[in-house]
Each structure stands twice: as C-alpha cells, then as structure tokens.
Amino acid sequence: MTATKTTAAIALLAASTLALSSCASSKRDEGAKKSGNAANTSATLNFGAAGAPATFDPFYASDGETFRVSRQIFQGLVGFKPGTAEVAPRLATSWKPSADGKTWTFKLKTGVKFTDGTPFNAEAVCKNFKRMDSQNKAGQTASEYWLANMGGYNGAKDELYQGCTAKDAATVQIKISRPTSKFPALLGLPSFSMQSPTAMDKYKANNIKAQGQGFVYSDYANAHPTGTGPMKFQKYDKTNKTVTLVRNDDYAGDDKATVKKVVFSIIPDETARKQALASGQIDGYDLPNPVDWPTLKKDDNLEIRPAFNILYLGLNAKVDPDLKDLRVRQALYYAINRDQLVKSQLPDGATVATQFIPNTVAGYNKSLKPYKYDPKKAKSLLKAAGKSNLKITLWYPTEVTRPYMPAPDKIFNAIKKDWQAVGVKVTPKPLPWAGGYVTGTQNGNAAAYLMGWTGDYNTPDNFLGNFFSDPKGQMTVGAYPWGDKLHKALSDDDSVVDEAQRATAYEKLNKQIMEDYLPGLPISSSPPAIVFSKKVTGVTPSPLTDEHLWTAKVSK
Amino acid sequence: MSPMQRKKDRIDALAATAGTAGDIPDAGHVSESGGLSLIGSAWLRLRRNPVFLVGATITALFVLLAIFAPLIAPHSGTANPLIGQVTTNHPIPNPQSGYPLGGDNQGRDLLSRLILGSRQTLIVGVLATLAGLAGGLVLGTLAGSFGGRVDTVVMRIVDVMLSLPSLLLALAVATLFGQPSQWTLIIAISVVQIPIFARLLRGSMLSQRSSDHVLAARALGVKRGPITFRHMLPNSLGPVLVQATLVLAVSIIEAASLSFLGLGNPDDSSPEWGQMLGRAQDLFDIAPHIAFWPAGCIVVVAFGFTLMGESLREALDPRNRR
Amino acid sequence: MTAPSPAPATTDTLLSVRDLTVEFGTKGQTPFRAVDGVSFDVRPGQTVGLVGESGCGKSVTSLAIMGLLPKRGNKVAGSATFDGTDLLTLDDREMRDRRGRDVAMIFQDPLSSLNPVVSIGVQVAEVLQRHRGMKKSAAMAESRDLLDKVGIPDPSRRLKEYPHQLSGGMRQRALIAMALACKPRLLIADEPTTALDVTIQAQILNLLKELVVDSGTALIMITHDLGVVAGLCDEVNVLYGGRIVETAPRHELFASPRHPYTNGLLGSIPRLDGARNEQLAAIPGSVADNIPWTSGCAFAPRCSRAIDVCRAETPSLEQDSVAIEDHLLRCHNPWPTGGEA
Amino acid sequence: MLRFIVRRLLQAVLVLFIVSLLLFTWLRKLPGGPIDAILGERATPETRAALRKTLGLDQSIPVQYLHFLNNAIHGNFGTSTQVQTGTDALDLFFQRLPATVELSVLALILAVITAIPLGYFAAKRHGGFLDTGSVVLSLVGVAVPVFFLGFVLKYFFSIEWHMLPPAGRQNPDLDATRITNFYVLDGLLTREYDAAWDALKHLILPAITLASVPFAVIFRITRASVLEVLNEDYVRTAESKGLSERIIRGRHVLHNALLPVVTTIGLQVGALLTGAVLTETVFGYPGLGDALAQAFRQRDYAVLQVLILAAALGYILVNLLVDVAYAIIDPRIRTR
C-alpha cells in the first residue's frame, strides 16, 4: 500500500510539473548565455562580495559593500586619482575656493547624461544637494555620512553646507559655513555622488522610513539607482544573492567599461570566498585574509593597496586612573614588541605606526620615530610611576575582522604576552564586535582596547578629528589637563585654508600627540589587499577601496 | 508507545529475568539465560561484545590522557617558542625536532596543545552533560513522579525547548551572555540536552509508575518521595546514563560547531579540540593538518563514546536480548 | 468449503518424522540440543498430540517440520517425510510453496501472531492469492466465507477490521481461517488455546474438531494440557527434554500411563471424579534441573521413582512389554500397569 | 482526529507566543545590537543616540514588545538591518526559504533512500559484515562535525578536482528565469535545463553534508526496529502461510518497522535546520541557515526573530504532520 501511495505522489508531482511548465516560459535574454565564451568587451566580471549592499542609494549608505557597488554606477563632482587618495576632476572639471575658503565654484563637464536620459548640469547638481540637505527624520539618521561631514540638515546651526546656486548650466557654486580641510575632498565620497533628479522624484528617493529596528528604503534605492557612471544597475537577485550591473554604453567619460557586466556574488564566509576564487567560480574578492596572501600571490593577482588605515590601542584614564600618568602610558607602549607583532600577525607591507595617521596622509610627520620595543625601559618607567604591579583590563573584539585588524584575538594575545613580560597584569575582556564591543569602547567604558580607522578621504582631520575632537569620546581626552588644548588645535588646524600651512600645522600636532599627550598607542597600518584571478587585469587598487572594476580586462 | 506495546515489553522483561525467553531458546544466549539479572546478563554480553570493548578502550585512553595531559605534554600550551617562525607568508611553523607536529599560527607547539586539549575537551563534555542531566533530572522527576497537571506544565516547557533546533538554542544561549567564555559555551550546549533528558526520564518513570513493584509499594502506603527516589528513579536511570554517554560525544561536536560559527570560547590559552578545529577553518587549505589533527581527535573520541553508549543501550534493553 | 469429506480409507502415513534432531548454538558455545531424535507418524485424518512442559522441544519440533526455525545458529538433522518428500531437504522456494497449502500452522498467542497494521481480510486473503492465484476481490469474498465458517459474526465488517479490534477468541478463529484457507492436508496447532480463557478454549477446540478432524485434515496438536489431548487426539507422544518418553493411543495412555512423567502430567489435571481432599500432584522442580540424556534419564532428578540406574544409563524407547497394543516407553522404572499417581 | 489537530495547533500558538516573548526580551537585553553592526567604528555616541531614537530602541522593552506584537499581527516583523538591509524580515524569510527547502528536501531524500534499505538489510544479516560495516559508518557519520565534513568534501571535489562548485546556488551568468525560486524546479519548468543542472550541481555537496546526520539516525532506527519486527510472531505466521519474500518484506516487516522511523524522520527536521546553519555557512549557500548565522553575528534582530519563530513553527508543524501520518499508517491509533 505504501508503494501505491508513493507512485501516486510521483504521478501527481509529474502532472503538476507539466501543468506548470505549460504556463511557465524562459524569460532569459539569450545574449546572456554567450557571455561565458566571448571576446573581452562582452566579458563578465564576477566579483565575490562579503555582504549584500545595504541599498543602492549611496546617500544613505555607510558601508564598503554598498559603496563598492555604487562606485561603479555613480560619480561625484570630484573623484580620486586611481590608486591614490588625491582629489581629481570627475563630473566637475575644475574648482576654486574663494579667499575665505567658504565659497566654492565648480565648472562642470558638459554633455553628460544620466542613464535615464536626464541631462547632467548645474541645476541637477543643486537638486542633488537640496535633496541631501532636506531629509525627513529617518533620513537624517540614515544618511550618516552627511551628518558626520556636514554636521546637520536644513540649515541647522553649525551645519557646514550653506547652499548651492547654479551660475549657469555648467557652473555651480557651493557655500560652506567655515573653511575646512575636508572640502572639496569629501565630495568624492560615494554618498555625495550625483544621482538623476528625475529618477529620484519618480521613485520617491527621499521616501525612507524607520521600521522595526531598521530602515525601509525607497523604490529608487531598492531598484532604480540612476547615475552617470560607466556601469548601470540591472538587477538584484535576492534569492541567488547576486547583483548584476551592465555597461552604460552612452557613458560620457573616456574610461569606458571594458566589461559587459559586473556581477557581485555575495558570499559572507571568508573561506568560502577564497575557495570560490580558487575554483574559478568568481574572478576576485576584496580583503583576502592575510594568511592566504602567499597562496593567492602564487595562483592569482594579489593587488595590495597602499595602507590607508591605522590600528591603535585606545586608553582611557577616566576608566582606569592609573593611566593618567604619561609614564605609565609610555611604559605600556615601550613594552609592546610591535615589530614582532607586525611580522607575525599582520599582512605583508604592514608598518609599525609612529602616529595616529598613515604615512599617505598630508600632515604626516616623517620626523617622528616609533617607540622602540624596550621592556627594561618600560619596567623602569612603571617603577618611576610607582605602578610596578599595574593591573589593566584589555578589551578586544570577537566575531569580526577589520582591514587594520585581521585577527583581533591573536593581536590581543601578542600584546598580553608583552605586557605580562614587564609585570603588568592583564585581564582579557573579549566582546562580540556588534555584541557590546563598539558601544563599550565608543562610549569610553574601556580602559584599554583595540580599535582602528580606515580613511574616507585624504585629510588628517578624518583620522585625528574622529579620535579626539569629542572630549567625552572614546579616549575621554577631556579628562586630561591638555584636553582642551588638543580640542582647540584640532579645529584650528582643520580650518587652515592653505594646504601647505595646514600640513605643517598637523605635523606639529602629531608630534605633540605622540610625545606630550599619548592618549592612546598607535600600533600599525596594514595595507588591505584585493585579489583577482590570473585572467583579470587592469584594476588599480585604491587606498580608498575606490577600485574601478569596470576597467577590468577579462581574458579567457 | 501504546499500552499494548508497553505490556509486551514488561512481559519480555519478566521473561528475560526469569531466564526462559519464550519457548524458542534464542540462538547464542541459551547457556547464560539461566535466571540471571538483567544487569548481570547485560554485563556478561558486554564483556564479549567487541563494539563495547573498542568504545570502552578509546574512552579509557582518552580519559587517562586528559588526566595526565600536563605530564605528557612536552611543552606548555601557551608558551610560543616558535613565534619567531610565524610570518604572514608562512603562518604555520613546520614539524621539526622537538615539535613533531609543528606549531600553530601563534607559534605554540601543536602536539602539546592537542594533548592538553584532551583535558579541556573532556571538561567541556562532562560539565555540559552533567548540567544537562541535572536540568533534565529536575524536570523529568517532577513530571514523572507527580504526573497529572505538573506533568503537563513541565512538558509544555520541555516542548518549548524542544521546538527550537538544538544549534539555534545553543547559539541563542551563547549570545545571551554578553561576554563569551568557556562557561557560556558549556551552558549553551547543556541547555540543548535538558529537554532530551527530561523526556527520557519522564518516559521511563511514567512506565515505572504503572509498573508492578511501584504499584505494590504504593499499595503498602509508601510515600511519594521514597517511591520516587528509592523505586522509580533508580530503575529509570539506566537509559538516562546511556543517553549521557551519547551526549558526551554530542557536546564535544557542538562545541566545535559553535567555535566554527565564532561563538565559542574566545580565550584559547587553555586549548580545546572543538575550539582548535573551529578556528583552523581559515587555515584549512594552506595547512590542512592544523584542522585535521583536532578533527581526528574529536571523531575518534566521539566515536568511542557513541560505540560505548550504543552497546550499553543494546545490552540494557531487554527487547534487544537477541 | 463443501460438506466434510470422509477420511481417506488408506492407512499409509501422511507425515513421518524420523530421528529429528535440532541443535542451537553459535560457534564457540556448547550447542544446546532442543530436539533429540524424535520420531513419530501422522496418518491422513489422524490427530496426533505432542505433549510436554514448555521447553520440552515440542514447538521446536513443529517449527522444524515447517522449516520456520531461524536460518542462522541451529542445526537440523533427521527427516520429515510428507507424502514422499522430505520437507527438511526442500529449498526455501519449494518450502514456501508447500507452507500454507499442504501444511499449515496456528500459533499460541493469537494477538502477537496477527500483523497489527494489516486488516484481517487482507491477512486471510493473501494466503488465497499466494496459493490459489486468486484475484484480490475473489480472495476477499472467499475470506469472508472463511471467517463466517470459523464462526466470526458479521464477517464482512470484520474483514476490514484490525487485530486489536477483535476479541482473543475471534483472533484465534481468524488464525484458523487463514490456516485452513487452502484446505491443507496437515495442520499443526501449537498451543492454540493456552492464551485464551477457559470458556473460549472449549469453543476453539470444538471448532478444530469439526473443521479439521471431521473434514479429514490431519492435525498435530501441540500442548502441555492432557485435558486437550483427551478431547481430541487419536495418538499421543509425550516429550521430555527433547525426547519422546512415551507414545500410545489416547485411551491406552489414559488408561495406563506408565512413565512417571506422564503420570505427573496426568496428576496435575484437576479431575472432577477425584475425591474432595485429593490434592494435585505437581511435578517437583523444573526443566532447568535436567541432566543430559547422554548420562542417564533427563527426568531422573525430578522423578519420584528414580533409581540408581536412571542416573547411570540412558533409557531407550521400547515397546512396553506388558501393554496389549503398541505402547512405546522410555523408562527404567515405569509405574506398574494401571498404576496411578 | 480533527480535534486532535486543532488542539495541537492551539498548543503550537501557545508555544510560539512563549518563544516570541522570551526571544524578544532576550534580544533586547543583548549588549550592542544593530546600531553597532550598522555604524561600526564610525559610531559616535551622538549618532548612536540619534539612531536609537529613530529606531525606537530607547523605549521600554514591554512597550517595544507590544509594538512588535501589534506589527507582527499585521504581518510586519520589522526590517533587516544587516543580512539584507532594508528588506522586510518576512520577505527575506520567503526569499531564502526555497533555497533551504530545496537543500533540506534533497538531503532528506538522500538520507532516506540510503538509510532505510541499508538499515533493512543490515538487520536481515544481523551481525554480518554488511551490518557491522554500515553500523560503523553510521556511527562515524554522527561523530564527524558537519562543517568539517563540508570542508573536506569541498576541499576535494571543488578545490582539488574542480568537479563541483564550492559555493553559491547558481551561476548568475546563466541569467536563469525565476518562477518558484526552487531553482531546479524552475529550470525544468522553463526548460532551461542548463540552469537546472547548474543549480543541482550547486546542491550536491551541501546536500551530502547535510544528509550525514539524518542518515546515521534513520539508519540506526530502521535497523533496530526491523530487528525487532523480524522476531515478531506475526512475521512467523506470515512465513507459515508460505507468502513470498516480497509480500513479507513489504506488508509484514517494513510496514511495521517503519512506524518508529516515520517519527524519527520528523524529529530530523530539527537536525536539518541545525545542520543547515553550518552547511550553508560552509558552502556560502544563500538559504535560511546562512541568513541565520549572519543575523546572529551581526545582531540583526528582526531577521533573528522571524527565523527563530519560523524554525519553531516549522518544527511544530512538521511533527504534527508526522503524527497525522503516523495515525494514517498505524490503524491502532487511527481506529481508537
């Protein structure tokens, strides 16, 4: 009887399959299938992404996975010279600030169209800025880069952005409240890319709302991102976790796409990505684990980016008063064998940091020498400070890897050993990155902790400002006597208009921070890598992770 | 189990203890079927059962290793004598004199960590099992000895726990504690086992309740407490203990899975096999042995425990006296 | 079935068992001899009893004849010739063809002997389908009649029911129906009534009597209850410790039981004509106290008449000197003729 | 029967309610949370506070729970913050469901069609070579950590021999048409056989990995219960009726022996979900397990809630189904 049942079931299934297939039909576009075995310009670049893009409207985004996608389909007024963090013309051909550095005039590229046909011109630019500036409540928290860089919305007090006026079709003027080193570099951030006003109106781009614990984005953000870039959005297959971009054939730039398609396959697991590359399933992925570099160097093109990040050990004297004494902080610094650490736990080309900004940033002080590994000196300093048997709780994150911190626990272990060697008692406090670590450290509850930063654009303020400008922030610099001085110095130096002067000012500040203040211990800068299979060439690695995937040359 | 079936089993059990299992003297066990107690005859058969012997030997060796680990291990588990050879280009020090298995990616001696790992692994396994057993005992005894409404309530709770797939529950518990540690791991694993033990105990205790000797005891006016603890519990423990052996294996594997998902014990100063394996994943294709060694150990030990548990189960189950 | 046909007038045997020996035991262990050189004959239409306590090997004997002993871990020797062919030499397929068609069997516990998840109807019909090549529908109709014939009320309903829905008696009736479905020439009934209440027992026995005995099917009645034998059997074989210890026609045996064991069995039946204060003489001890036949009489340890020779010499099965008709006996010191316990 | 089902469903509702309550409070009690996941090192106290407010995380837990319940009743379980930002958690669930169902079903089929016959013959030849061999195999099956098995399979079949894809669900280049989102089925329906075949190839390794544990369990149960049934009187009766091997195997042995197996298969669904978390992570397979693991690591509350509740519900329903099926194949329950 069971047998008859099963046969019946099978028959039923077969019948239904037939029934369905009669109404179902292939909707695939026949061109697609050829892509596998075709000449370069019709090739597909299949890139392994670590996570799904949060949204396709970069304005609301803050994470690399999203930006990588939007960087292919959008362009900002300014861009960056490939392979560097230098500001370069993009949709604006040239720009110049007024004497007081508060009014910036941009000359726009002409004959540019958004992929929906809308012409790109001064009016479009201003529409974009207006849109960014006028956000609803949800939008104001979601568009975090604007908040962080522009400091507010709708002319809020001390908002940086002051307005945009179209002088003529090809000239636009942007006013800001104070001179700042960020400008115009920050306009190169993907968040501030130019998007088609028509598309944004049509698909209610500003229609974002908070729901449950997250944001619900507009149709525009979900399915109709429209830019001027060399690629354009085709589809996001959520069930297969793939995003497909196709070449924008009427792209105005001279760096037209050399691939027909860029497909992002989302593979969250690091090892799975590597193996997908090894098996030829994907043509490349970002941030390979340093332990795989040797193999990847051998079998693929491992592109190592210039280091544009900093790993530091934050200290907080408010939590642990023992740290108030500079000698103690210095002792802890001397006690760490950073050469060993960098050699054994950080990727090739990682460097021991001498200050809180990587050496590629203007204002980097070359004269500064690293605190050499010197346990004896550390001991004596502790003795002098009367803290020979210092106890300290060292926080480190779990369930995370960062470009500046490939394996937090191993780095922790190394530091712990070194500190114990000079008689410091270390209590480990591991916390999940998203499970309390970030909150704890950023709210200044951690006496000592591992943290880091990857630059958004090439200004010292992007690093130092973030670490120290808030006196009650992570390292609670406000608790130190020199706290206010540091705070003032930061804002002053940032508003120096002349680049050369600004650079020297920052060099001075960096020296001070390292020698007189030492609020935390910069550990290292690690070059993040991006890897492509041997058959992919032509993508220049960028310190800002601003890789132009469309320039890839995919050979058979 | 239908009452018919239960009745049948009891008859079989009686037959078993009486020594004549039906009219057909069953092949093999005739010679010893002369009025032996269940346990006794079970032991008689275990002694001859290769499956059990293999399992028991593995287990014994493992426990011994765990106990004397520090004496056996050539190096400390935390010292990193090979750190000098660890570079990002060559993260795993090769085997070399004094370090037959080479080092791990923090320059520590792999062999020593494996040996020392046995202890931690055993601790995790045993503690997790005990915790689960304790929880199960409480719930199961409640349900089993009182029955009726108490039973229903307790079993609802158990159902809630059962209604979540084990790993989910473990993950949940693991994340529940802000700061992950060996203890969160152990609790996470044990929680999963509680409902299983509870059900098991309740089951066998309920059948005990209706069984002759308990009925007799009750008829003689013995109070519930004594009945539960002197009559029902002891007689229900057999299957529970068998389950415990099996759970030991499971816990060791669960520990590995949790570590693999990044929810294990972050502090690796006292090595544990599951943790070692869980963390070796990113080194799998450059240095497979880093993963294979702990994996091998886990498989062998889990295998041993399972073999022992299974053969015990078969031996203690009157229906399997064939 | 049609009206019961009279027993064939031939006297040649239907089944003759010779020196049947069954040994259990896996390698490495001393084999256990459950049946030890048992021989007896069954003539067509005759009813033969195999009597003895549990463990005396009577069931094993029947299973051996049916070829139903577990394949592994036992040795069967001797022969069981069923009209010309030795069943013990048949291969599995040939044996399957005969089982249920020529030789059928009914078992002790009617509940456990029925498949709990298959309807009674199907369980009866499958025999017909197998051996009489009937179509399902035809087989079901036939089954219905069979159930009716074995006295199951409302058979068409019972057809669709499952064993747990039937009473013990009806289950046994159903089993009988299956056994008789193909009108076998030999039926082996293994303790068919022991699992039933006394009232039902009588009914079942009567049923067997009218359906089997009267219809000329030969019957081997396996029981520990001489009461049953008294009601049914033409000839009785008493087994002890795997050997036949006494063989005689019914009346002869009941008239003058010679073997102490037979006496014991008889003594343990309550008798209505017995004096009020007469108590039942039960046989002391149990089968477990046996000594091996090889070193004397297996029954000796329990025997009230045991003498030294019983523990020294193995008694052989011989014609009882004093008996008038053929009366085989295996005893050194039997009860005197007409002697009573 | 019907009453039984209804009662069970009501119980299910109760269980779900309890689970959701526990779940909710638990998630809210967790340190950190979506904000850290969203903002990472860029989270300054200010931005965090602002975000908390917008997301209503500053309200008291009971209030939040009521909100949650209210929304849940309206089929709105919140929005994913990490796994697939901005997607309604329920939609996400339904997007991922087919992948996991496809995988689990294949795995279960693999397990059943191998385990039951093997179990039967092992029991038939009890103590024989096949028996011991397969028992050992099944024991090893449970002793090997699922994810490790996955690694090994992938290492050889994908990395070393390039036979099967190591990750993903289907090659996007095929640009296959989607109807049901069961890719293999879709491929057949739309006659895009290459797409179906590609999807199948992506399924093989994960399915084998996922099948390992259920196989072991089902095998052992089958073997045990066949052993038991073979010694039942009714099998002897069947033999005494001279029935053919086939009938005896099917009608009399398996039909009885498979009753406990059915329940076991039901219980395996839980194990499958567990295994799916590991397997899908190892194989970067875009199913529920993968989403779940990610949601845990990145504290995606909404997704966690939906997935765990769904898991509980599914588990309950499947077991209810099993009980019903059991009643259907076991007359002793049906006719009582």
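Letters are used for the chains, namely A, B, C and D, taken in the order the chains are written, and counting of residues starts over at 1 for each.
Following the convention adopted for this analysis, contacts are C-beta pairs under 8 Å (C-beta built on N, C-alpha and C of every residue); 3 or more make two chains touch, one makes a residue touch a chain.
In UniProt terms the chains read A = ABC transporter substrate-binding protein; C = Dipeptide/oligopeptide/nickel ABC transporter ATP-binding protein; D = Peptide ABC transporter permease.
The shown structure was predicted, so the numbers you read here are calculated from the model rather than taken from an experiment.
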Chain located farthest away, centre of chain A as origin (C-alpha): C
Result of counting contacting C-beta pairs for A-D and C-D, higher pair: A-D
Whole-Å gap between the CA centroids of chain C and chain D: 55
Centroid spacing, where centroids are CA-atom means, of chain A and chain C in whole angstrom: 90
Separation of mean Cα positions, chain D and chain A [Å, integer]: 36
Separation of chain A from chain B, taking each centre as the mean of its C-alpha atoms, in whole Å: 46
Residue numbers of chain C (touch at least two other chains): 112, 164
Residues within chain D bordering two or more other chains: 30-31, 159, 251, 255, 281, 293, 297, 329, 332
Per-residue multi-chain contacts in chain B, two or more chains: 4, 175, 178, 262-263, 281, 284-285
Chain D contact footprint on chain C (complex, rising order): 66, 68, 95-101, 104-105, 107, 109, 112-119, 122, 126-127, 130-131, 161-162, 164-165, 175, 178
For the chain D and chain A complex, residues of the former touching the latter: 30-45, 47-48, 50-51, 53-57, 68, 71, 76-89, 92, 95-96, 98-99, 154, 158-159, 162, 165-179, 181, 183, 185-186, 188-192, 194-195, 250-251, 254-255, 258, 281-284, 286, 290, 293-294, 297-299, 301-302, 329
Interface residues, chain D side, partner chain C - complex: 232-234, 236-244, 247, 251-252, 255-256, 259, 329-332, 335
Complex contact set, residues of chain B against chain A: 80, 83, 86-91, 105-107, 175, 178-180, 262-263, 266-269, 281-286
Residues of chain D defined as touching chain B within the complex: 11, 14-15, 18-19, 23, 26, 29-31, 135, 139-140, 142-148, 151, 155, 159, 220, 224, 227-228, 231, 270-271, 273-274, 277-278, 281, 292-293, 296-297, 308, 311-312, 315-316, 332-333
